[in-house]
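For reference, the structures are reproduced in the following blocks.
Next come two complexes built around subunit A: one with subunit B, the other with subunit C.
Here is the complex of A and B:
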C-alpha cells in the first residue's frame, strides 16, 4: 500500500494551535478542550513570548487575547503579519463582550475572526474549524507560490490565478462539448460546477462503429485536487480502451469491470487514500440496444421503461474507486428498448438541499422522469433542462453547492427523428 | 458534532458520535478516531446510531482511518449506522470491506 501522507491532502492531521492569553485559567481551559478535539496546543502567557513561540514553531492557527499587559493582542497581530513566517497564519482574537471597536480594529489589522469572552468551548471549536477550513487550501497553495519565485507578491498571486484559470480551461476542454450523435440513440449531458474546476465529469469514448464507451463520475471533494484526479481517470480510461481496441484481444470490447479494476488499482497506487471517485462506466451497443456497464460505488442510474412506464434502478456492481486494493467489480447488461431512457447522475443532484436536511433525492428525480417521459416524446436535452429547473425550484437557488452532472441516453422511438425534424 | 469515548473489556474503545458529519466536521471526526490510535487504542468501535447524516468527506475520513488502523495491526469497526448513513455505505459498497455491526455486543465480539 502507498503511504497515506502526501501534499495533495489538504487536511493535515497534526495541526498546531497557539493560545496566547495572560489569564492562565483560560489558557489551560482552551488547551484541554482543543487537545481533546485532536489539536496540538502550544501556549504563551504574554505577547512577547507568544511571538517568540509563533516564530520558533509556526502554528496552523493562533488564538490571541486582545487585553494583555505590555504588548497587547493588536500589537502581537501586527508583528505576526509583518513577519514572513507568520504572515499567512490565521488568527482568531479573543475580545471582551461588547467591545465592538476592538472587533472592527481587529478585523482591520488582519484577524480572521474573533470570539467574545466569556465563550462557550463548543463555539471555540466551531470557529477554529471554520477558519482552518477556509485557510487550509491557502496553506496548500503557498508553497506553490513560493516555488514560483515571487513569494507572496501581487504579481505572484495574479500569475497563480492565471494558472488556475488555465487549469479550468484545460479541464473544460477535456469534457466533450457535445454528446456524440448516434444512429437510433439521442444523448444529452449537463454539467454545473460549484467551483471553477469540477470534480464531476463525463466522457464518451468511440470504440467501434456500433460501440461507444460512456463514463460518468464524481471525484470526492472539489477544486484542484479533485480536478487533477478527474483528469487522471479520464486519461487512463481513454488509454486503456484504446490499447485494448488496438490489441483486438477483448472482442468486441474490453469488459467494463476489468477496465474499472485497472483504474482502481492505478488510483490506489498513485494517489492519497482519501482521494477516491465513484463512477459508472458502460458500453452502449447501438445495434443490439444494450448498455453493458459496471458501477464503482456510484448512485444507481435510472432506467425508464417505455412499455410499462415504470422506472428501475440499475443494480450495484462494485465499490467506490481508488480507495481499496481489494475492490472488485462485476459487469451487468441492461436492454434499452425503443422509447426507453437511461439517466446517470451525480450526488450533487440528489443531495441538493431544499429545506434544511431535506434532499432532492432519487425519488424526486425518478418522479420527474416518469412524469415527463410518459407518452414517449421527452427528448434528453429537454429532460436536462427540466431537472435543472426542478432543482432551482427545490433549492431556491440556481447556484449549486456541489458539482452536478447528468448523462441522459434515449433509444429513439421509430420515426421520432422524422417527426421532430419536420415539426 | 459531539463525541465521547468509553473503554470496554479487551482493550476495546467505543467512540460514540452524535450529530451530522459533513464538511469541516469530518476533520474533527477523523482526529477523534486517530487520537485513539495515537494513544495506543488499536481496537475501536465507532458508534454511529446518533449520526443522521454523513457526506463524502466523512467517507474519506473513515476510509483513511480504517487503513491507518489496519496498518498498525489494529481494527476499526462501525456500530449501528442509521438508514441515511447505511444507504451511503451500501451504494459505495464500503459495506463489503468495513465491518459493520448492529449491536454493541456483536461489535465487541469482533475483537475477541
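Here is the complex of A and C:
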C-alpha cells in the first residue's frame, strides 16, 4: 500500500480502477501492476462492457484505451461524462505514440490525462496517483456540496461552517463544565468528540439534597442530526425530572425506567427511525450509597467491588431508546460500598479498533479498571486518563473515530479525602 | 464488505461477507433500501445471512434497526441467519432479541416466512 502522503491521507478505503482495453495482454499487465500497488482492479475488453461495468460499480478512476473496435475510447468517455454516476470519475486515456490530435481531442472531451503506448508501468502508477491526488479531495467535498443543494457557493460553505460552529458551541454549553462535587462521592468525566458536534453526552441533574440524576448516552449516527437528538433527550430528561420533583408525587424521585419510557415514546413519535440512542440513566443516592438505574440498550456499566476486587457488569434492563414503541425498561439498584467504583462508558471506547478486526472491548476496559483500582487509591480523574492512554496505545492514534465518553463514580474510602488533601 | 443477493421464492437472502462497521454499513443500508423499493407492493421478506460476517459495530446495529422498521411498515419481515462473532452479544445488549427472529439454518429461516 502507499504511504499516506498529503492527498493520499484521504485514501481511506481501497480504490477501484477500471481498465478498458481490447488488448487482453495489456489489460492483464495493468491489472497485475495496479493490484500490486494496492488498487482494486476491474477490467473490460470493449467499450460497451466498459460502460456497463463503470455504471454498475462506479470506479475511482478509469484507464481507457482510445483505439477500440465498435465503440472507441472517445465515445466511451463522452457517455461516461453524460451519465450522472460517472460524470466526475477521472479518466486517463491510453493513446498510440505521436497521435497528438487524439490527445487534444481526448482532453477536450474531458479526459484528465493521457498515457502514450507503449508505456512504462511506473509511469502508469505515477499518473494514476497524480490524477487521484487531484480528484480525491473533490470526491470528499462533493457530498457536502450536494447536501447544500443548488445554493452552493463559497459564501454558502462559510455560512454552513458558521452554523456548525454555533451548533458545536450550543452543545458544549449543554454539557456540565465539571462533575458535581458530592459528599462521600468523587465523580469524573471524559468526552472526546470525533467531529465538531458529538452524539455522546452526559449530564447531572440535581434532584434533592442527597439524590442526583446521572445520564450517559450515545445517539447513533453522527454530526448535526445526532447532536439535535442529543439536545432533545437532554432537555426532555431535565424537564421530566423537574416536573416530577415539583409535583412531589414521585417519592423520593421518579423511577428511572418510567423516565426512559417517556423519552423513548417522545423520540419514536417525533424522529426518524434511524435516529435513536442508547443510554444509562440512574439516580445516585449519596446517603444510602446506591445507584438506582435503568439501561436503554447501552453498554453494560462496570462495577468494581473494592472488598472482593472483582468487577461485575451491570446487565441491561431495556431496549435501545427511540426506535420501538414497544420498548420497555426496568429499574435495578446497585449498592456502592466505600471504595467501589462505577464506570459507565460509550461504545466509542469499546469499539476502538486496534490491530485489524480487533476491538478494544469491554474485557480490556474491565481489566484496566481491575488492575488500577486494586488497593483502593484510584481516583476517577486518574482512571479517565488511564483509559485515554490505554486507548491511544491500543489503537495507535489519539484521534478517535467515534465519540468517546466516560462517567466514573467512586464511593470514597473513609479518610480518603483527608489523605488526598494533605498530600 | 461484500453482499450477494439471492432469491428463494418470495424470500430475498443477502449473504453478507466481511465487516459491518463504520461507513461501510452504508452499502448494506443501500442494498436493503433497493430491495425494499423493488419488492412487490413494497413487502420485503428478507433474510440477512451473517455466517461470514466477522464483526459488527453500533453503526451496523443502527442499520438493522432502521431496516427492521422500514420493512415492517410495509408488512414485510427481516430475520437474521447464522449470527456469530460479536453480533449476538451486541443484539443481546441492545435487548433486541425480542425484535429480531434468529435462525441457525437457511431452511428454518425460509420456512418462517411460509
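Methods note: the second predicted complex is superposed on the first by the 273 of 423 C-alpha atoms of A that agree within 3 Å, B and C clash if a C-alpha of one lies under 4 Å from a C-alpha of the other, contacts with A are read in each partner's own complex, and residues count from 1 in each chain.
Note that a contact is a pair of C-beta atoms (placed from the backbone, for glycine too) under 8 Å apart; a residue touches a chain by one contact, two chains touch by 3 or more.
In this text the structure is predicted, and so the values were computed from the model without any measurement.
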Q) Which holds for A:177: it touches subunit B only (first), subunit C only (second), both, or neither? A) neither
Q: For A:39, select first, second, both or neither according to whether it touches subunit B, subunit C, the two together, or no partner.
A: first
Q: On the superposed three-chain arrangement, identify whether subunit B or subunit C touches more subunit A residues.
A: B
Q: In the overlay, answer first, second, both or neither for which of subunit B and subunit C A:319 touches.
A: both
Q.
Looking at A:274, would you say it contacts subunit B, subunit C, both, or neither? Reply first, second, both or neither.
A. both
Q: Look at A:300 in the shared chain and tell me whether it touches subunit B only, subunit C only, both, or neither; answer first, second, both or neither.
A: both
(Q) Between subunit B and subunit C, whom does A:129 touch in the aligned arrangement: first, second, both, or neither? (A) first
Q) Is A:401 touching the first partner subunit B, the second partner subunit C, both, or neither of them? A) second
Q: Would you please give the residues of subunit A that touch subunit B in one complex and also touch subunit C in the other complex?
A: 13, 220-221, 273-274, 276, 278, 297-300, 316, 318-320, 323-324, 347, 351, 357
Q) Within the complex, which stretch of subunit A touches subunit C? A) 13, 218, 220-221, 273-274, 276, 278, 297-300, 316, 318-320, 323-324, 347, 351, 353, 357, 359, 401
(Q) Please output the residues of subunit A touching subunit B within their complex, sorted ascending. (A) 1, 4, 11, 13, 37-39, 122, 125, 129-130, 132-133, 220-221, 273-276, 278, 297-300, 316, 318-320, 323-324, 326-327, 347, 351, 357
Q) Along subunit C, where are the residues that touch subunit A in the complex? A) 19, 21-22, 24, 54-55, 57-59, 61-62, 65-66, 69-70, 86, 92-96, 98-99
Q | Sites on subunit B touched by subunit A in the complex | A | 2, 23-25, 27-28, 30-32, 34-35, 52-53, 55-57, 59-61, 63-64, 67-68, 71, 90-94, 96-97
